[in-house]
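Structure provided below as structure tokens; questions to follow.
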Amino acid sequence: MTESDEPRIVIPPRVTIPIGPQHPALKEPGMFKLTVEGERIIDAEVNIGYNHRSIEKIAEGRTFLQVLYLAERICGICSATHNGTLAQAVEAAAEVEIPERAKFIRTLTWELERIHSHILWLGVAFHEVGFDTAFMYSWRDREVVMDLLETLSGNRVNYAMNTIGGVRRDVTDSLKETLLKGLDKLEERMKYYRDVAIYEKTFWNRVDGVGVLPNKIAKSHGAVGPTGRGSNVPTDVRFNDPTQAYVHLRDSGEFEMVLSDREDVAGRAIVRVVETIEAVRMCRWLLHNLPDGPIRERVRPRIQPNEVLARYEAPRGEVIHYLVTNGSDKPERWKVRAPTHANWVSMAYTLRGGYLADAPIILAAIDPCFSCTDRVVLVDAEDETIQLKPLDVLRAESNKWYESRT
Amino acid sequence: MTETESVTEHHMAPEEEHEEEYALFRQVMADLEGDVLIEGSYVHKQPRRLFFQVLPDKLRDVVQYFMTTHDMWQASTLSGRDLGDDLQANYHFFLNDQKIAITLRVNVPRNKPEYSSITDLMPAFEFVENELRELFGVIPVGHPKPRRCELPENWPKNEYPMRKDWADPRGLMQRSKTTGPKKPEEY
Amino acid sequence: MQGILDGIVHILIQSFGILVFPGIFFISFLALLWEWIDRKFYARLQNRMGPMHTGWHGILQPLMDFLKLLGKEDLTPEKADKRSFAAVPFVMLSLSIILTMFLPIVDMNPLVPGIQGILSFEGDVIIVLFISTLMAITIVLAGYFSSNPFGQTGAARTGMLLISFEIPLIISMITPAMLTGSLRVSTIMNRLAGQAGIASLPLAYLWLLILPFIIFIVAIQAELERIPFDVSHAETEIVHGWQVEYSGKKLAMIHLAEDIMLVYAAGLAVTMFLGGPYLLEFIPLEVFSVGFASLMATTWVGWIYYALVFILKSVIVVLILSNMRTLFARWRIDQIVRAGWKFIVPLALVNLMVVQFALVYIFPLLGVV
């Protein structure tokens, strides 16, 4: 048998394509090393840690009220999430029951935030598959809910609605009408986007059967949020472990956990779109059943020694705040687990075996939020090459430079 | 932290309104006698929260027990703690059938902070166990993919920033305090 | 003496035609205008404003982008094949300009009946198709010369695109050639339009042009690498693919070449399927009969008239192409190849058979020859 008898197998050259730390498909830094053969991805590796802010360490030197606003800066998109969850954790540690009306308003902010986050995701997903028209349309309609949040809280991004012991702003009757009117419009638009996502052939072809995450893998790799629910994993803290007004929402029996057994990107997309419509309905229910009463309870700044595990279903999945208090007005230990962090593990699995062209939509399908993920780490400013400066120093220096020029 | 203080952290729940939790708690304590310490294991006042203090070398057995007996698949996270003499790893899980969140905690001595990893049982802990090793210096022995995951690549060895005695040799934490206007001489 | 003067005047007119109108300058002007129309229409369909600040409603924005890129730093990657890397933009630009020279916009040769392009000879359809294929091959080379993984992936995708959509493009352009029995762009156009004293085709033949026109529009969209066929420089996947390493002047030239390709594509559609720069002639009135054509052919009024009609018809094609961009998501490369070989190529072949069958059997039977 000579060599020429053996069939020659031509192996396409293996190329390692880095996606990130800077890449148009990523809005924040993260790195995905993809090894591709032609168009097929055969291996994937996830690297994170490019956005280090050491929030947990900083928090140990701050009072609870200060940490509350620090928590809001963990993530811009889910700012009410971390803010509210920390408030909830501190209240649980102090064993304070907050007024019913405050609970409802807190939940309302959370649900409005979910709407805005999911529409944002939808736009990004449309953009990743090159459907820019739908991307522009969905972000235009996202402005509706952004305006609602602005009228509710005064801010478009960092709402600062929650405080320890309640909420900071009340919902007046006229505001209620505005919110209800905006919610009607949102529901109508979301139904339109649901139809676009399902019936638009070119979009559907790009998400159907892409990035498959089997139910078993999703469970063992700890997929949370719409990523898990898209693989039929029943993890939704709002129904499994309800707090705040979610107890009433669950007891009303009008709402159900949105699950999909498609296990691919299409499943995750459907879960998100349907969940947005559910969130609109939840907001309306909350507004209609808003109880009267005060909106905040006084809480002493010193919290008794306690340890609390606060959970909440953020738009991207389960958020965990593990708070240990020691009797002072500062936390002993505060651990934040943002949902994206849990989804990284299953990420590498879903990327393997897919097409390179599908990598952006698979990456986007978990709705990655890097700033949430990389909160624990310190910026090494003393390093030889890079000198990082705080913003105010930079500002002062730039002012000096401009003055010297004129 | 002294013994007395750490006891005051544990707010035991009253029996009423926590029947399910106590039922599970008693069953686990009976099944795992010897693996789980009575001191430090309790039902928390917050609804649906159980805490178990596990012996470091029995952690894998306890996790396997929960996975087989109580169908535990949802791994939430792992958070480290610095208790002074000991370092602590808190494994947070959620039992989806009973809808109860449980925390398994392991204390390891500061001079030899090692215990066996459970990432091969639950792959979800891959990133967080690495994170624990970086930030607290608690080493999960047998981790399949030990690598740097959160800290910068040039971070010095034997420096664990989340430990309470981390001295901040490069003055990094000072830079985080940028609230409020600064005096001109501070620039 | 008179002969020499005439020769000089002829050369002057010819060089004016090549350099200014309807040659390089006019084509570049159209290219930037088309880009503005494309961007503006695309933006308005997406409920955006589009370019607004430079000139009237941002009409000068493409020019400003071009000038800005000319002033930017020009980098060449260390690993790249430097000479070839630098040559690609020039080759692309010159090829695209040569392509537009074949478009009959105004009458450059009054001696021959009907409107002729700057370059016009028997069999030039073949040359046009050859050069447009060469353009795609240049793109493949551009990707490989830059020796960047994104560039190479983009180049590979361009190659895939080439093998699946070049064939329907060629077949769709064969149909008008078969109907008119000519392989010369101007003859095909003039015979289809039936103008300027050239024997026209019976109207029944025009029905056969509808299907090839649709195939042509789809294939030319792929040739231009626009959504839904923009896989080769999908910026969310491979960061502008084969263009990723180009910057400064080279990128400016590549962009201009792409815009000129849009002029060429729209112009080719106008020429081959929409009757070229004739409009008023189709109105059955005494005024627009033979005398009108000779007037237009000999005076400068004709140049303006033909150019305006050409612009008008091209804009319609450009709007169709922009509208296609808004309607779809980007396809994956395997979906494109599958769609190309499963639907578009068989459709084109069936169309070819239908045309041949009709020409040989049906039309003689009906008596329309």
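Think of it as A, B and C in the order they're written, each chain with its own count starting at 1.
In this text, contacts are C-beta pairs under 8 Å (C-beta built on N, C-alpha and C of every residue); 3 or more make two chains touch, one makes a residue touch a chain.
Source: prediction; values computed, not measured.
Student: Whose Cα centre is nearest the centre of all Cα atoms in view?
Tutor: A
Student: So, comparing C-alpha centroids, which chain is the farthest one from chain C?
Tutor: B
Student: With chain centres taken as the means of their Cα atoms, state the distance from chain B to chain C in Å.
Tutor: Averaging C-alpha atoms per chain gives centres 66 Å apart.
Student: In whole angstrom, what separates the CA-based centres of chain A and chain B?
Tutor: About 23 Å separates the centre of chain A from that of chain B.
Student: In angstrom, rounded to a whole number, how far apart do the mean CA points of chain A and chain C lie?
Tutor: 46
Student: Can you name the residues of chain A that touch chain B in the complex?
Tutor: Contacts found on chain A: 47-49, 52, 54, 56-58, 61, 92, 95, 219-222, 234-235, 240-241, 304-309, 311, 318, 320, 322, 324-327, 333, 335, 337, 341-342, 344-345, 374, 376-383, 388, 390-393, 396-397.
Student: Show me the residue ranges of chain C that touch chain A in the complex, using the header's touch definition.
Tutor: My answer: residues 45-48, 149-150, 152-153, 156, 227-228, 230-231, 234-239, 326-335.
Student: For the complex, which residues does chain B have touching chain A?
Tutor: So the residues of chain B touching chain A come out as 1, 5, 8-11, 44-46, 48-49, 51, 73-77, 79-82, 90, 92, 94, 96, 99, 101, 103, 122-128, 131, 135, 148-152, 154-155, 161-162, 170-173, 175-176, 178, 182, 187.
Student: Can you name the residues of chain A that touch chain C in the complex?
Tutor: Against chain C, chain A makes touches at 15-17, 23-25, 36, 38-39, 126-134, 136-137, 140, 200, 202-203, 205-206, 355-360.
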